[in-house]
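In what comes next, chain A is part of two complexes: it sits with chain B in the first one and with chain C in the second one.
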Partner chain A sequence: MNNHLISLTVLFPLIGAISQAFVPVPRSRWIALIASLAASACAVILVASMQTQTAEMQAIESFPWVGAYAISYEMAVDGLNALLVLLIAILFPVLISAEWNQQVGVRGLHSLLLVLQTALSGAVCAQDLFLQLFFWGLSALPFYFLVGIWGGEGREKAAFRSTVAATVGNALIFIALIIVYYSIDPHGFSIRELSGGKFAGQHFHFLGYDFQVSWVAFTLISFGLALRAPVWPLHGWFIEMATEGPSTVFVALAAATVPVATYIFLRICYCLFPDVLGTASRIVLAVGAVNLIMGGVCALSQRNLRSLLAYVCLSEVGIVMMGIGSLNATGVVGSVFQQLILGLALAGFGLFSGIISDRTGRSDFLNAQGQRTLGGIAVRAPAVSVVAGVVIVSLLGFPGFGGFVGHSLVVIGSFSVHPFTLFMSGGALLLASYYLFNMYRNVFLGSPGSAVQGFQDLTLRERFYMAPVVCGLLFFGLYPKPLIELIRPTVLTLLSTVR
Partner chain B sequence: MKEFLLITPEIFLALTLAFVIAGEITYYGEQVRLITATALLGLGGAFIQTLISYEHGAAQIFGGALSIDGFSLFFKLFFIVLASFAIATVSHSKEIAEARRSEYCALILASTLAMCLIASVADLALAFLSLLLLNVISHFLAAYGKKSILSTEAAVKSMAFGAVAAALFLYAAAILFATTHSLNIYEIHKVLLTKPLDPQVLLVVFVLLLVSLSYQIGAFPAYMVVPDVLEGAPTPVSAFLSLGPRAAGFAFMTRVLVAVFTQPASSAGHWEILGQFDWTKMLSVVAGLSMGIGSLLAFRQNRAKRLVSYLVVAESGFLLIGLLVLDEVGIAALLYSLVIQLFSLVGIFYVLSFLIDQLQADQLDRLRGAMRGAVPECICLVIFLFCLVGSPPTPGFIAKFSLIGAAIRHERSFLAIAGVFSMVVSSAAVARLVYRLIGDFGDLKEFAVLGSRRSPARKVLLATLLVPMVLAGVFAEFLFNWAGQSLGFIFW
Partner chain C sequence: MITLNSPTLLFWFSFIYLMIGVLIFAFGNRLPARGVWLLWVGVLLALLGVGLESGLFLREEFHSKVWSSGWILPKTDANALTVGVFQDLFGLVLFLIAALVAAGLLLNTSVFKHAHSERSLGALAISMAGMGVVSLALTPWLLFVGLALTVVGGGLSFAAFWENDAEAKVTARFFWENSFGLLLTFFGACVLVTGQLNLFLNETSVWKEESSFTGALGLALVFAGFFLQAHLFPVLGWVVAESKQSPTQRILLNQLFPSWALFVLLIRLEHQFRALGLFPGLGWLAACAALLAFLSGLFQRNWRIALGLWTVGGLSLALTILAFTGRTPAFAFLLGMSLSALAQGNLGSALEEKPTTSNAVARTRAFWLKGLSFTAAASGTGFIGFLTLSGSLPWVAKAIDSPVQVTFFLFLLFFFGLLGWCIAWRISKLTSASNSSWMVILSSVLWLILSLAVLWTGTCTGGAVFGSIDRVLPSLLEGVFGAPGMDFKDSPESWSASSFYWGVLLISLLTAYWTSGRKEDKWTRIAQVFPRVSSFVAQGFQMDLFYKKFVQTLAWVGRSASRVIDGRIWSEWVPAGITYFLERVSSLFRGVDAAISDGIGTSVRKVIEVPGKALQLVQTGDLRLYLFFVISSGFALLAHYIKL
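And then the complex of A and B:
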């Protein structure tokens, strides 16, 4: 089936971004929103029209791009990436709406968000390694401007650090790609053609030593992606982005880019290096567990909503990695499902914390002496506190919310590999319960502080853009069956190659 | 007669040059001057003539002194487009006064003529004359900012290095002539096939040629002059000098090295070294050092023009990879990379010229926050810079991939590692510049428009650089095919 829905999903935001240069404000805002919504509509139709119970690639679009190097424009969706297509479709119209009233360079901001939507949609759907790196590299560039221009006091340093991390990460992936490309004859980048353990036993000679292609490429790609997703201890730049970046931009990073990074890791490792995964899965599991605990421990001492969000993200990435490393159908399905849920939950967290800091002028909820600086928002703004409540309970994995399904599946899956993961997850959950409820108590409950006097509840526009996030968390928590059915066949097929 | 038909682009350029000089001589204070329009029209005509020349196929003319083939036509188109940009962009520059633009046009046209000859040249004597003509004009162009000490210094250094390079080239040509009794590169090749040179003589000839041409292409060991010239020259001139003489050097170097010092290998589209002396190893060292030194020194610079100049040195190292692998895919990658550099370097220097005009400085600290006053220009500058250093997803990335891939294909792992290292360091150097550009963008109180909104022409010109560059990435397949076809009908 070649219905061009994927290309339209990728192209509409790009057209919207270019049109921002020619259309004056305020019409440009509508153009940006329409372009993003059009792409989202295509994405939703694409996912809704997908066949369940099949592991085959669907909606394939393929034609040669640079034939001399066997680079092709190959796009498709399957169980692994369909949920992320959905996540991006939900998030970006929300982010554009959230930045509706931006006073400084709104056209630039919207166009960069649209470029980011194009880049992430492309990176998710690309089935050619070169094309994937192409879109993945594109996704790094908008952040430089988004943080560097619209960020806080230390924006320049944050933007610089993030770009350097992204550049080094991309370079590592680039080296891996070249090694992979020349290790197989005929040379190629198509994931479909490279998958199935074709690199098992392949070696290359360097400095008088023989190196195993799979291990070298796997290590390079893992480090390359770890520099774009917050993986302890390479997360310094991420925390700086959280504190200096505008809230919507950090949402785009934490809720959209980070899940895409974990997806690329999952896709490449399971498709290209199943031979390595047998051994490396335990390392992935251990890194995930460390991330989970370190995120939780660091979050305990946070007094600022933004840095708290960053460490929550660190912790959530740990869960996803544990699922990937479980090599177990339940765990991997949970991990893929959790990518969607963590995106929605972190987006909700980032948006409500952005609203609070916009209205009160501060994002810290405790001062240096440990006294409340906010508090009592629930009285003034019940809608905001309901949104925050839904997000928090989903992050904690309460039954009936999206997080419950994802967390449970990952823990069940990883438990079969090593029972210790259960204790780690339990410990992390206890930590999360403490720091999230503590934050909720200090921000929303109690008597209203001076900073929240006159705090306005969600406006109609804010309710509109918060609705998809909250509804998503509730709906996917109550009725995850169609999505699980979509993911499961692909995961089972991939696991069969690993074994 | 056919011989003249095949050099119609050069004839067009010579006639245009004559018209421009005549226009300047006969200028009598008229309000409307058509020098720029004349020059652009002439270049347009030469461009069309070059396209038409593809129909004639490959031919050797004037007793084998010139080879009109796909390779030379590719470079002729390249030089004509470069000259058009050089003339179009100068109209917005304050560094070259309006009254002196006709001279500037004449110099650009004359150097384009020299470069077109170099693209086709197959005779060492004619090559020497053409290179000398190009370099003499380059010295004039470098000295064009008369009142600037840096510009004068650039011209003097350029002249000193140029004189030494010319002498070394002559020595190499003399040795080749003494041993083969011919100045035609194809004749020399035939003689060398039957009577190979002594490896030590070959080493001397190659080293002399390499050192001489390293000045032309801006690579190690003569790279020291590049930053001084590109920094000292007026910025529009820097754009031209960073591309024109370098590309001409690569055109000549490729033709000479492949035609004289290699022979076709058993597999089609590949060459192997002629004789015992493996000069590709020496070229690898030059490429690796150029990439490493260029990118590391770029990272240390505090002036934007100097930073970009060192990036140019690193880029020359990259381009050498395409040549030293000795296959058509590698040379096609070299040609593709040059096309990408054409748009990116012209774009970089064009925006830098605008910023220097506005701020009277190019120190990174002085550029701090420039983006707040010139958003479209600075965003374009960032894209051009990242494209030059080959960051994904820019078309420069495809170029870098093809060159580094060529190194890996030929098992030159060190060169590939040096390439990736250079890419990362160059990206960091570019990030330093961009970091300063952003500055305090959000501070609306100090919002100062640097004239960007007052010039739609500048935006149009930026679009004419940016759009083809992006299209070069989208239609990379077409460009690689074109480069491949250009190499297909060629005399080696």
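And then the complex of A and C:
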């Protein structure tokens, strides 16, 4: 199967970003939406046409890019990245629709979102390390402008900090790639050619010391990605982005970029460094557990919807990491599935909190004295409350919602390897049910606060773009079978390499 | 006998309930009569479905039906999460009871008189859908779907009052406490599945010994989940919180349905609990929780809260009976107690509807209501002829050999009876005339008829007579569980147990009359004499204070972590450190640069200065050219000779 669907998925948004620059504003919105939807349609067709029950790469597109350095344009999909292709396909048209009525520089905003869609799609589908880094590095750039121009009062600082974090992270990954490149003969960046534990036992000398290639590269890549994932305690910039960035931009960061970061970690570690994972999996599991608990504990004290979302994201990343670190088929399948659900749930959270802060002018639900500042939205806007309810129960893993599938698989997978993870995930989910339901009460229930007077329910456009997120959470929760059949063979094959 | 069959009809009826619930909740205010008729259609469908599936209409022999499918991961995978339908007699009975109980609630139109009654009706339909799914679940995973629906239905039942801050608080608390229960049970099932234990609820074989750790841990979590779902001690806080909701609706949708849902799982897994030897310990825990709930109930001033606590204690007792006696008496007790609690709630709220003018009809109505309230108390506390007796008497009889057990159980029974009768007395004192509808009386009668022992055990007394000489019908409970509920023969032990039982019930009745039946309520008097102790007990033993402190501590940890990590380390210290480091490095480099520049400058200056000076001397004429040539020649000669 090679019908260039991947290239179309990657390039359509870029073409849209360029072409809408030459068109006046009312039409430029439509061009942006159509370009994003065209890419999404290609992505959906791509995933729908994938063969299940196979671990083979599909829809491969490969040709040399920089021949002298064995850098190639190599794109493919398999069970590990198909769900993220789907996630990006769902999210970006939603984000463009959400920013439809942006008054300031709508063309710029849409074009940056389209560039981001290109970058993330490319990073997900790339099967060449250099190409992947190229797209991954590119994905950091739009955030600087998106936050720096359309953000809140402290936007410059937030944009600067995010760029510094991304740059340092990318630099670490780049160093790792250089080490990897020169450690193998013939040199190359192709993930397929480098996979299968080829770095096991490889060493290099530096300043008179002997280093293992796998460990050094694994550590550098892990730190590089941890800076953008985010992982506690390297998450400071992330919280600032949450409070200063526009809600849609933070959704793009939390719901799309974060799952992509965890995917890259999964792909590179399982394919390139299976020898290290045997030992490092415990560290990954522990980092995941710390993220889960610290995210939950910090979320408990939040009084602002956006910072709460950031900590919920931190906690959810912990679940994904625990699944990755379980080295167990059930856990890893759950982790891959959870990347999609995490994206959808966080997008839903970000979008409804964005709608609330746009209409009330505030995103804090409790003031410094602990008194409610919002409240009563359920009475005035039932549709918003239903969306929020669905998102919350999905984040908590209620049966029948997307979160249940991911959570159950990760808990089952990780418990069979390390029983302590049960208590960690249990504690974190209990905390989550406490703070999420309390947030729901403070925002949606009770007597309407002064800020909520005249609060309008979802408009037709808002219902239109909320629908894919809510339907996705419900549909994938009730019928995860096709997606799991897609993921499972790839995971089983990768795990056989690790073992 | 189990036969493989296609997905069963009743399961689709549950789905129809759910759709009805969503429809009424969302658009009920636009439907005629707010969609009550849709719920009646649902109830009729359920009755029809049970009739068809049980073979009653066709006079066929009943066959259990099983259908299963993979849900998450393929069915053959060791850790697969499968779903399926298991339709046995127990499931059918539960389905029927849920429908009949809901019908009773629908009859009581006063429950749905408020401004947003469609929300309460929608919640009822969603809860019914949940109970339907629970009744027919083959695996815990599908049961959790039903359980989640009952929790959502329970939470939405408050929706009519969401604009009120206090109700919002109660709703949020209900949601998070019940989701705690749901999550704990879910974790329990996850642990069980990792041990590759068979989780098909139709299987009767016990798990192998090698998986005893995962088995015990998983089952303990399931049990803990029940504690939270039923709001047993130490989570009595929600029960003692007041709300505007009708007590019947609150008991049914918020207490009974979520608890029944998990009780079904406990009944289905009873043999595993017993095989792993978990029941004695867990049974004692439930017994202690029951005692604390009854104590707290006695000190309540509001009869609604007292009834809620009596229900909680009853659920604990049902659990104790399950642990020490078996599933048949436990189910009988649970059902009898639940129906009595519903009837009491109905009758109490009806008696609260005082007429503007007292007339003969209103007084007659109040008389009937009071009479029914005492009947409900008799039914709930296990008097002769009622189903509760079929649960509690075998429990005492089985414990008769152990003095410690029987003493404690009789003690519990005393408090159970005492609180039940105290509530009846308190309700009877509410008013002497009531303006409530006759439908309230009808619905209460329906529930009380359902709690008659003859319908379930086939005996008129409910098993109080040795040898079942009063049997008039075959026992439905025996048909459901396949074993007699109790073995109560004419023996000295049975006589002792029976005497103790009736003695304790009588004492509890007399004590209730002495404390609550007379003019002065002794419990109020005690509360006035010992205000702090009574307040401590009435408020659920102040466990909320402990939770509040715990949550505050966690929030403080979170806030401190956020402040230190985000506010200090990443916002101040790291940038300041990096700035300081860069400034130091920069100044170091600047110093080195300056020193190098100076050195180079000095060197260059010196290098240039010597020939420059000489040239300057030449230029100014201070140094004659000839002298320059003499010196040069001298150097040339010297060099020449040195070379030689």
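As a convention for this text, the second predicted complex is superposed on the first by the 499 of 499 C-alpha atoms of A that agree within 3 Å, B and C clash if a C-alpha of one lies under 4 Å from a C-alpha of the other, contacts with A are read in each partner's own complex, and residues count from 1 in each chain.
To be clear about the criterion, a residue touches a chain if its C-beta (ideal position, glycine included) is under 8 Å from a C-beta of that chain, and two chains touch if they have at least 3 such contacts.
Values in this document were obtained by computation on a predicted structure and should not be read as measured data.
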item	value
Simultaneous placement of chain C and chain B on chain A, clash or fit	fit
In the superposition, chain B vs chain C on chain A residues touched	C
Partner chain(s) touched by A:Trp136 [first = chain B, second = chain C, both, neither]	first
Partner chain in contact with A:Phe206 - chain B first, chain C second, else both or neither	first
Partner chain(s) touched by A:Ser301 [first = chain B, second = chain C, both, neither]	second
Partner chain in contact with A:Trp65 - chain B first, chain C second, else both or neither	first
Contacts of A:Asn170 with chain B and chain C, given as first, second, both or neither	first
Contacts of A:Gly105 with chain B and chain C, given as first, second, both or neither	first
Three-chain overlay, vertex chain A: chain B-chain C angle, C-alpha, nearest 10 degrees	160
Chain B versus chain C as contact partner of A:Phe464, first or second or both or neither	neither
After superposition on chain A, the shortest CA separation from chain B to chain C (Å)	7
Shared contact residues on chain A - chain B and chain C	none
List of chain A residues in touch with chain C within their complex	161, 232-233, 235-237, 239-240, 294, 297-302, 330, 333, 375-376, 378-379, 382, 393, 396-400, 404-405, 408-409, 411-413, 415-416, 422, 425-426, 429-431, 433-434, 437-438, 440-441, 445-448, 480-481, 484-485, 488
Of chain C, residues touching chain A in the complex	26, 70-74, 77, 79, 81, 141, 144-145, 147-148, 152, 159, 162-165, 167-169, 171-172, 175-176, 179-180, 182-184, 186-187, 190-191, 193-194, 551, 554-559, 561-562, 565-566, 569-571, 574
In the complex, chain B residues that touch chain A	329, 332, 371, 375-376, 379, 382, 386, 391-393, 397-398, 401-402, 404-405, 408-409, 413, 416, 420, 423-424, 427-428, 431-432, 434-435, 438-439, 441-442, 444, 476-477, 480-481, 484
Of all residues in chain A, those that touch chain B in their complex	21, 64-69, 71, 103-105, 108, 119, 130, 133-138, 141, 144-145, 148-151, 155-156, 159-160, 163-164, 167-168, 170-171, 174-175, 178-179, 181-182, 206-207
